[in-house]
Structure formats: structure tokens, C-alpha cells
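Shared between the two complexes below is chain A, which has chain B as its partner in the first and chain C in the second.
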Partner chain A sequence: MSYPSVSLPRRAPLLSRAGWAAFFTALLAVCALAPALNLWVPEGSPFHLSGYMVTLLGKIMCYAICALAIDLIWGYTGILSLGHGLFFALGGYMMGMYLMRQIGREGSYQSELPDFMVFLDWKQLPWHWALSDSFVATLILIVAVPGLVAFVFGYFAFRSRIQGVYFSIITQALTFAAMLLFFRNETGFGGNNGFTDFKRILGLPLATPQMRMALFVLTGVALLGFFLLARWLVNAKFGRVLQAIRDAERRTMFCGYDPLPYKLTIWVISAMMCGVAGALYVPQVGIINPSEMSTGASIEMAVWAAVGGRATLIGPIVGAFLVNGAKSWLTVAAPEYWLFFLGGLFIVVTLFMPQGVVGLVGRVLKRNRPPAHVQQAPAATKSEASDSTNEANAALQGARA
Partner chain B sequence: MVRLLLACALALGLAGGAHALTAEQARAIAAGDSTEARIAALNQAVQTADARTAAFVDALANDAVKLAGGQVLVVEGERAHDPVTGAAAALPADAEDVINNNLMRAALEAAQAALQLGSAEEPVRLAAARALLSEPDASRLPLIEAALASEKSPAVRAQLELVRAATWLASDDKSQRLAAAEALGAQRSPDVKLLLNQRLADEPDAEVKAALQRAIAHIDASLAWGERLGVLFTGLSLGSILLLAALGLAITYGLMGVINMAHGELIMIGAYATYVVQGVFQRHLPESAFGWYLVAAVPVAFLASALVGAVLERGVIRFLYGRPLETLLATFGISLILQQLVRTIFGAQNVGLENPPWMSGGWQLLPNLTLPWNRIVIVLFAAAVVAGVAWAVARTRLGLFVRGVTQNRPIAACMGVNTARVDTYAFALGSGIAGLAGCALSQVGNVGPDLGQSYIVDSFMVVVLGGVGQLAGTVYAALGLGVLNKLLEGWTGAVLAKIAVLVFIIVFIQKRPQGIFALKGREA
Partner chain C sequence: MTPELMEEGARRLQAHALNAAPRQTESGGRTADYGRPARPGEVDVTHGRILYLEDVSVSFDGFKAINGLNLDIAPGELRCVIGPNGAGKTTMMDIITGKTRPGSGTVFFGSTIDLLRHNEPEIAQLGIGRKFQKPTVFEQLTVFENLELALKTDKRVRPSMLFRLDSAAEDRLADVLRTIHLAGEVTRRAGDLSHGQKQWLEIGMLLMQDPKLLLLDEPVAGMTDEETARTAELFLSLKGRHSLMVVEHDMHFIRAIAGDTGTVTVLAEGRVLAQGTLDQVQADERVIEVYLGR
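And now, the complex of A and B:
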């Protein structure tokens, strides 16, 4: 009996040539163009990038990292997390602890301890602040703490095969419980007010244009780096198994794959990305408090990914920029309409744009292209080897787009 | 007045020396050397009180007494008069206020209570006797004896005997102290326990100490029951609130499988509907009808939320059946829109809702356990709603259709059931129950645009814990969580208790994802 020869699909390149070009353009824009426009172009000039815009764009890039993280776990693995606000906040709080210690004796009580501890009449730092004066330890904690929380929670949740909406609701409950905990003064994270009034980082003052720019560039590089990492992950065999789990978990198990390590790995990576985003967010915005863990904040992250387009990597980034751009404009221009807009966006996107803005653009482009061009697309030849559903094909095409 | 005179006459007889308020006494009370001396003078004066003493003590308690060069004056607006003679007097410009510190105020209040023992009104006498219990003083013993001799009402008598025993506790006579400990031990009130504890701290005699400890142990034993029942009742009350909030969700999520994140906002709509009905009653109907506004609000809240629910189902949710995660996001969007809509119409502040008169107050079950009427009404209301829903699902035609569509949609459709319409009705029913929950919640909590958000996580927890698709499970889960929460609260505080409960649910669902009561067989 002879078997038909099976050939594995050729591994897709990390980025197409046009993709690399776009990537380096973005890198150049973040690392060279933005600093030049902000620091060297005089303030009156129409090309000047204001400090407000730098902070805003930096903040949105942090959100884009979160959207990317949500996309890895939701778009590619089919697990909707309503708890990424927790990981974002944990990263932020780790950074915040370091920044609080950097204030030194310049707080309003002139004490070694952060102001809120003096206010609570504490005499020494609680145990979980032990590593907060070391920058290196803080950098490790920023990924380790969200990663550990995600690992413990994810291990038990995925082991008991909690799926779908159940998982979403439990992550929501976890985040809600954490928010209640952080609201308490006794927890040692500043209660209601959280951390604010930061003065400097690594001994350098925070409130200078140069520092603002440096954080902006750092965030941009982190975002682009995470984009490449995500691209590498989903193109590798690992990413394909994730998508198989998303589309048909039972079938994947029958093929001999145990979904637990795959789900757990991507879940922890996603949580760590959110932690880094939170840590970059705090010094730019200058405050972290428990409201970052509210139910709404986590769901909003999911909407960024949904608006841009799930199961594409560029989609969540686009979505984060579109939604947050609209937010910062609308909350100033017409604050009472912002929630109507956001709520409407949730409904319109789920009802009419299941593939988001990127999917919509893709469809329009495809319609304008000559048909011969479509057949030359690599997706048509590669999907022969896979027996996945149409949805998976669409996702794969999206991933290559 | 007759009683006052009688009481005074008796008091005078017991005290021996018969004289009314004198100028020296007034000066000693108003401007004594120390607070202790002033209190001693006050208690002395109360023993021989007449109507002028009572007026003077009242004036002192109301800060209406001034000193002008050694003369005590009671000020009334622009004018002043002498407290002893009652003659009008000029108020010098340099008159100083009499300052009463807290110790003095407590003594004044006790003195006022002692003087009120002679009042003709039984509730006033009872309140006065209660007030005296917290400040026992041997100097008032003759007054109390006199009041006891003339008192007819058993409730006031019992209270007065308690005060007498409390006063005896401080007596120099050991046998009297022993008798007092014995008498007080039979009481079950927390006030008495406090009193006994205070005495225990200063008691020199071992025998009396033992008697006091026995009495305290006796009180503790009877108080413990009240406390346990109290925790159970507050737990039951919280449980019934959770149940009301989750019951609608048990239908829309449990039976229909729709993840409705706007459920909390449907509760909020019910609460605001109640507010609107209250406004209509206040503005357009006579005041005597106000007590009935809540009864009228129940159907209005149900219909308002049911209507919104039906519109949501027809307009949005219908297109998302079978896509739970998308439903979650879309309904969250709806919840944002509804919140902002309410904020635009009613403002961002909480609106004020009054309990109808028949819901205020409480039912005193034990000396240390009073059940508030509004909580009792909500527990009963929740029970009625559960019974109604169980009846609707088990006995009505719509219930039959809902169960049929839930179990097997295509077969139900083949049998001629209009499944789309059943979906709409079922969703409207679940939403309407959320409205009922809002109507009930408006009586115990704040009503504002954020009302729904505080219940959404809890509601989902209850439904998931109880087992999806199980009304009975929802009932047990809600009551269980309510009692568990309150038990933990007494132990760890409210926030930690809430966190502990959430963690418990998360762990529980890991172990038993199907909930407490899973459907058996293939349905599960």
C-alpha cells in the first residue's frame, strides 16, 4: 500500500519585502522623525510635535501592546480574556513602586517612606516592597509577577478545561477581586489613590521633554519588537497549533496535541506583554491606581483588537490607535457622547465587521484587484495541506496579509 | 403634671430637706469650681426638683444659660430671666456663656431623663428610664424608688427596676451588689452587659466578682443566639438581593445561553422606573397615597425592563446566537449606552428614593436583634418572584415552549413553535425580572447610573455557581453565597470577605465547572 506523499507547508517568511519596508519606516518614524519633530522643530512651526501629542501617542502605543497581547490569546487561540487589565496594572504597579522609591525624601512628609505609608503611620516598608529600590529587580518583576499570576491561574483553569465564556467570566471575577484588594490601604499599594507624583527614574528627572521622548521611543521600539515576536510565534508551528486549538480543540487533541502547554504558554506570554505595557504606561502618564483593573478597562482592550481585526497582527495596533484616538478627541469635543460612541462601536463591530477594519480594507482591496492576482497569492497553494475550516483559512490569510 | 408633682413630693419626702431650686444651687451648677463639683450640685438639685429645676436643666442642656457677675441668667432670644425667681432681668453685654463639656452634658441628659420620669406619657417615661440605665448614679435612687412606687406600666417598671439594680451595683453594701448582679444577669440586653463589665473592672470583692462573671456569662449565652440569628438574617437578606439580581440572568444566560453584560443596566432601569413612579406619586397624587407608590412601581419596573430587553433581543442579540464571545462584547456596548442614556436623562448623581412609611422601622425579635422591615419585605418579595418564575417556567405555555426550545431547537420548530418569538418573550421575561430586582434594590441601596455594574459580576457568579440552566441551583447558590459572605464578614471585614468569596468561586469552578447542580446525562 502506498501512501500519498505529504509535504508540509513551506514556512512563511517573517515579513514580506513590503512588510519589512513598512516595519523599518515605522521604526524610523518612532526613533528619528518623532524626536526630530518634537525636540528640534521650533514650537510655532506646523510640523512641530507637541509634548501633549508625544505623551498621547506613547500612551496609545502602550495600549497597542495590550491589544496585540489580547489578539494573541483571543484572535489566535480563541480564548477571550477579560482580565488583561489585571496584568497591565500589575506591571504598572511594579514600575510604580520603583518610581515611588525614587522620590526619596522629596515627598510632602520628607520621609524615606512613600507619602501614603507615612499617612497610614507605617514605620517600615512592607515585605513586598523589598526589591522596589533596585531597577534591575523591578525590570524582572514587571514580567515575572504578571507571568506568575497568569501561570498559576491559567494552569488550573486550562487543566480543568474551562472554555469559552466561563473562562471570560472567571478572569473577570479574578480582576474584580484584585481591584477590591488593591483598593484597600492595608494591601500597601496606596489604596484608592494608587501611586502618583513621580519625580525621577534612574536618578534622572521625569518631567523633561528629553525623558518624555526617551520613554516614547522606548515604547515604540517595544511595540515593534512585540509585533515581530508575535509574528514569529504565529508563523511558527506553535502558532499553527494555537489556531488549530481555536478552530477545533477536540480534533487537535485527537491528533495527539495536548492543548494545555500551548494555551498556557501563549497565555503567560500575553500576560507578560501586558505587564510591560503597563510598566511603560506609568512613567508617561504619571499615575497608576486600581481603576485600571475595572471591568470596563479590560473589555475595552478586547474592543481595540476587535475593531482593528482579530487574528491579524496589524489589526489590533490599528484598532488601538483608532479607538483611543477617537476617545481623546471625543472626550474633549463632546464628552457626553463618548460612551454612546464606544457602546455603538461594540455593537457595530460585532454585528457588521467581524474581521474589523483590516478585514474591511482587505475586502475592498481584493474587490479592486484583477482575479489573476488572487490566484497567485500563496495562501491558495498552502491551504491544500491543511484540513482546517474556512474560518481558519481566512485567519491564515489574514495573518499573512 | 400630677405625676411630676407626686414624684417630686415623694422625692422631697425621702430627701428630708424640702426646698426648691436656690440661687446658690443654680450658681454651683452653672459655675462650679470643677466639672465634678458641678455634677454633684446638679444631682443634689435633681433630688429636690421642682418645675423650675426642670426648666433650668433644660436651659443648661440647650446652652441658653449665661453668667453675669456671679448672677445666673437664662436667656430667651433678646430677653433674660432669673432661673430661681423667674423674674425678668436685664442681660449685661459682658455676660459669659456657660460652657458644658461632654461629661457635664451626659450628666445633664441623665438629669433631664430623671426629671422626665414623672411625665404623663408612657413612651417618654420609658425612654427616660432607658436613658438613665447608661448613667446610673446613687443620688438618683430616691427618685427612682419614688417613680417605681407610682409606676403602673409593666414595661416602664421593668426598665426602672433595671436602673435600680444598675444603681445598686455601685452601692457600698455588698449584699445589695450581689442582689443587683443576680437581677441584671436575668436581662438580655447589650447595655446591661456593658454595665456589668464596667463594674467588674472596679469590683474589689471576690464573691461579687464571681456573681458578676456569672451574670455576664448568662447574658452572653442569650446574646449569642441573637447574634447568630442576626448574621443568618443579614446573610439571608443579602442572598435574596443576589437572588433577585441573578434570577433574570438565570433565564437569559442559564436557559437561553445569552451572555448579557447589560443585565446590570436592566436592573438599573427597573430602579429608575421606581424613581419615576415615586415622582409621579409625589407630584400628582395626595400624600396619603404615597405609601402605595412602591406597589405601583413593581409592574412598571417589570414592563420597562422587559420592553428594553425585547428591543435588545430583536435589534441586536438575535443576530449573535451561537457566538457567545461576540454577544458578550455587543451587550457590554449596550450597557455603556444605557448607562450614558440614564446619565443624560437623570444626571450623573444618585437619585433619592424614600422608603414608604410602612417599610421603615423594624421588628424587634430579641433585645439585640431587630429585623428592619425593608429587608423583610425584600426577602418575601424575592421568595414571591422565585415562586412566580418557577410557576411560569413549569406551568405556563410560554414556559413549556422555552424549555422545549432550550432542549432541542429544531424539533421544537418542527412542532410548530415559533422559536424566534419564544426567544424574544423569554428574553423579555428575564429582563423584566431584572427590572423587579431594580425595584427592590432601590429600597436598600443607592440608585445611580453605576448601579448595574456593582451587580453584574455577582450575578454571573451566582448563576455559574448554581449551575447553568438550573433555577433551583440559582436559589441555593444565591442564599449560600449571601450567608457565607456575611459569616466571613464578621470575621475578616467586608472587602476581604468579598474577595474570599470570589476566590472560592474561582476555585470551585475549576473543580466543578458544571456548578453545584449539573444537569444529569447528555445535557450536561
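And now, the complex of A and C:
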């Protein structure tokens, strides 16, 4: 009896050859090109990268990490979170607390306590500031606090099978409630003003071009690292289970997968990524206050992902750069129109570009390609295709033997 | 020793072998006996039944969808279930698979596993596979990925992150692809398949799960005659190794898979109205009244 041989697709690599090339180019640009252009090229030169641009790009890279985090939970798992600003701000506040302690006695009141506490006439640090003078503890808290909040909230939300728009609304309410809490002076987070006037990190002054560049490089490396992590997650069977949950949750359950731990895992990973982004953001912009938890800030993150293209990983990063680039230009050129532009963009993308910019580019490339194939004599492509199947078959047979 | 005696002996041996075969595969070769150890997760069919439903009732807003239902299935049996619309066929499957909790009654898988204590994914892992009325596959994933997800394996988070297809699983996948006639569509998106192909893919996903009991809700709806015939052939080949419960409206298909001796259960108003061979139930007055006639 001769069975027809079946060619199974090979396991997809983490990145294609071109993907790795692009990845290392980006790594080189962040770690070598940008520092060289900023620190060594003289200021008058057209190739000089200004300090303003370094901070702006560093900030946008933090946003890109958030967009990537949103893509994992929304693009791949189908859960739209409108509360990721909370996790971003929590990471930022953890870093902010450490930076406040680093000011030492150089504040306006020359006290060991941060200025706002002196102003409130507090005599000692509240309990939740206990670990804030340790950098190592801060690094742990940056991921642990957003992770823990996400875990507790996610566990109850997913266990109750809260889905779709209800989940989105609850995340909005969560971040809004947190914002109100952080606004209050007695919670010990600096109230309305948050934390600012940072002086040092690890004992080194913050306001130097070298430190600015170091933070920029660190952010770039974090972004690229998270991209690889996200890519690994969605490339594994884990990622396909997430997509299965997104497309047919019931079917996934009847296949024997319990959606709860899957949703919870990706939700917590996503929140931790946002926490790291927030912690990188604060020393670069020099301030953290409760406005980062405003509902608008979280919605904007979803817009970046939608504009770039959901479930593509690269799309949300592109989206974060496009939207924030447009924002920094437009808020200078025509500040009163920015919000209209943002709203309009969201509508246009939702209606006409469901796959975002990356999807659009992909479609244009595809549309341009087929005619080339037709001219190439279809017979040739066909035999080529069957050759590659045979090759795969041979490889499979070889692997089995 | 007379030839009759020898023949009798051979007949008995054969009967014994036939009898022993399913036990060997289903309950570790052990028989019903007070001293046998209960093994967690093992389906105990030593009493000759893989599924028991006893006095099950469920109502939705006062409407009794299932009303005192009693049903049991033997290991390796292919059971056909027919009944008019609203008879409770799909609700019955919902109860068995953990989607719906009955108001009262007991549901057992083998003689030791109480299905009412388990949720959907656990029931699936225990070995009950289900095909929905409307074909449900993961549309954004390829045919290959759909089958790979269904493969019987550790389905917790970390194993899924580190999962690699081994060669035995690859062989199995290739086997199922041939069985469901989708070997040429391996890398196609499941959403792009025809309706009949989606039905086949879903059946293929069930096969990958290697369930002990398959629940099939209208498996041939929307299939061409040729596809229907192939499906009947497939189900008959599964019979014996797996237990199957098939809900279907297509009487030609029922005839094809039940044959002259298979048991057909007729449900009406949430309870079993009649049970027997297809000819028997078709001749039953009450069945004619509620279902086939007027």
C-alpha cells in the first residue's frame, strides 16, 4: 500500500534571515550610530543628533514597548486593555521613588525626606517607601508591582469570564481609580505634582549628555529585547493557543486548553513590559505624575497598536513612532488640532485599514508582485513549488530515518 | 473429542478474545472486581458502560430542555441520536462536555469519573471530544496549526511554550491529514477552506485529540454526497476503537452508519422516546407521531 506523502511545514525560525539583518542593523544604530552622532559629531554638523532628538526618540521607544505589550494582549489574544497606562505609571513611580531618594539633602528643604513630604509636615517615610533607597529592590519592584496588580486583577476578571468591551471598560475604570488614588496627597506619591527635580541615578548626575545617551541606549536595547521575547512567545505553540483563544475560545477549551492561565500569563507579561517602559521613561523625561494614568493615555496606547497593525509585533512599534512623531510635530505646529487628528486617525484606521500601516504596506507589496510572477512563465513557478515540496519531503524522510 | 466440541471450543475462545479486547485497551485489562485499584484519570469501563446519564434534567427559564434523561453508551459503540428540533440533543452534549450544568441528575464517564465535577478543558483532557453543529476551527491559523493545537499532549502553559513536534506526532499528523483528505491544504488558512473541508478539519482535530468518546453534532451538515459517504466510512472505521455518539438529521447517513443492528436513540422533549435498531424505531408509533410523521 503506498500512502501519498504529506509535506508538513517546517518550524518557523525566530526571525528570518532578513529579519535578523534588520534586527542587528537596528541594534547597531541604537548602540553605535546614535551615540556617535550625538556625542562626537560637532553640533554645527548636519549629521549631529541633538539632545532634544535623543530624548524624544528615547521617549518614543518607551511608548513602543507599551505598544508591543498591547499587541500581545490585544492583537494576539483579542483582549483589548484600555488600562495599560496604569502599569506604565506603576513602573514609573517605582523608579521615581528611587530617584527621589537619590536627591538626598539637595532638595529645597535640605531634608532626608523628599520635598513634598516635608511640605506635608511628615516626619518619616511611609511604609511603602521602605525599599526605595535600594536600586536592586527598585529593579525588582519595577516588574513585580505591575505584575502583581495585573495578576490579581486579571485572575478575578478572567475567572469571571469577563470579555470584550466589558473588560475594556473595567480596565479604564481601574486606571482611572488608580489615578484618583495617586492624586491624593496622603497616599504618599506626591499627589498632583508627582515626582520631579531628579538629580542622580546610581550616584551619577542625570542631566549630562552621557547619561542621556546611556538611558537612550538602554531603552533601545530593552525594546529590541522585548521584541525578541514577544516574537519567541508568539512563535511558540503558546502564541498559537493565544490566537486560538482569540478566534474561538470555546473550541480551545474543548481541545483541552484552560484559557485562564494562558490569558493570565500573557496579561502579566504584558503589564511587566509596560512597567519596564515606565521605569525607563521617568529618568528621561524627568517627571512622573498621575496624568500618566489618565484614561486618554491608555487609549492612546491602543491607537498606536491599531495604527501600526495588530498581531504583527513590528506594526505597533512602527505605529508608536508614527503617531508620536506626528504628535510632537503637530503639537508645535497646530496644538489645537492634535486631538482631532488623533480621533480622526483612529476612525480612519479602524474603517479602512483594519490591519494598520504594516498590513497596508504588505497588501501593496502583494498587489505589485503577482504580475511579475505571471510574466515569469507560470510553468516555472509551478515546478519550483513542487521542487520545494519534494525537498521538504526528502528532508522530512531524512529526519525520520 | 468430537469435531462439534472442537468447534464449540474455538467459538468460545473467539468470543473470549473479542470480549477481552476492549477491556485490554480501556481499563488496563482488569475486570470488575472488588479488589481492583481505582486509578485516577483512568476511564473504568469494566462494567461495560463508558457513559451514563441518569435522570438528568435542565431547564432554561422554566423551559425543560432536558427532562429526566437516561442514556448509556457501551465502549466502542457507535450510537446514533435523532430527534425533532428542540428535543435537547445539543443540550445533552453541552451537559456531557461541561458547558451546561444540569439542575439534577448524574453524569458519569466510565464508572468512576463524575463529569459534573469537571470543567470543559478537564473533560476534554479526560478523553471526550466534541464537534460543534456549526464547524468551528481556528480560522486565522493554518490547517497544520489547527491539528497541531489539537494534538493530545500536555496542555499547560509552560509545556506549550517549549513544545516541539516529535516525529511520532508528525507521523500521526500526516496520518490524520490523509484520513481527512486535507493533505494538499496543509499550509492553507483554515478560514479559506470550504464548508465541508472545515467539517473534516474539525473531525481531524478530534482525531488528533485521540478521545475515548466522540460527540458529533450534525457532522455531515453542508457536505456533498461524496463527502458524506466518506464520513460514514470514517466513522465506521473508528467504531470499536472509540465510542461515538452521532446526532444527525440526515436519515441516509444514519442508515449508513447504524446499519441494521446499530442502536438508534430517539429524543423528544428532553427524554428518550424510543431506542432500538433503525427499523424498530422507524416502526414505532410514538416516533412516527412526534418525528417522522405529521
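Basically, the second predicted complex is superposed on the first by the 359 of 401 C-alpha atoms of A that agree within 3 Å, B and C clash if a C-alpha of one lies under 4 Å from a C-alpha of the other, contacts with A are read in each partner's own complex, and residues count from 1 in each chain.
The definition used in the following text is that a contact is a pair of C-beta atoms (placed from the backbone, for glycine too) under 8 Å apart; a residue touches a chain by one contact, two chains touch by 3 or more.
Note that this is a predicted model, so its numbers are computed, not measured.
Undergrad: For A:Asn368 in the superposed arrangement: first (chain B), second (chain C), both or neither?
TA: In the superposed model, A:Asn368 contacts neither chain B nor chain C.
Undergrad: Is A:Asp247 touching the first partner chain B, the second partner chain C, both, or neither of them?
TA: Only chain C; A:Asp247 stays clear of chain B.
Undergrad: In the superposed arrangement, which partner chain does A:Leu342 touch: chain B (first), chain C (second), both, or neither?
TA: A:Leu342 sits against chain B, while chain C stays out of touch.
Undergrad: Just chain B (first), just chain C (second), both, or neither: which does A:Leu233 touch?
TA: second
Undergrad: Taking the superposition as given, does A:Ser168 touch the first partner, chain B, the second, chain C, both, or neither?
TA: first
Undergrad: In their complex, what parts of chain C are in touch with chain A?
TA: These residues of chain C touch chain A: 97, 99, 119-122, 124-125, 129-130, 132, 136-142, 144-145, 148-150, 152, 155-157, 160-165, 167, 170-171, 173-174, 177-178, 183, 186-187, 205, 209.
Undergrad: Spell out the part of chain A that touches chain C in their complex, as residue ranges.
TA: 3-9, 11, 233, 236-238, 240-241, 243-244, 246-248, 250-259, 261-262, 265, 396, 399-400
Undergrad: Quick check: in the complex, which residue numbers of chain B touch chain A?
TA: Touching chain A: residues 259, 261, 316, 319-320, 323-330, 332-337, 339-341, 343-344, 453, 456-457, 460-461, 464, 495-496, 498-499, 502-503, 505-507, 509-511, 513 of chain B.
Undergrad: Can you check the complex and tell me which residues of chain A touch chain B?
TA: 74, 80, 156-157, 159-162, 164-166, 168-170, 172-174, 176-177, 180-181, 183-184, 295-296, 299, 302-303, 306, 336, 339-340, 342-347, 349-351, 354
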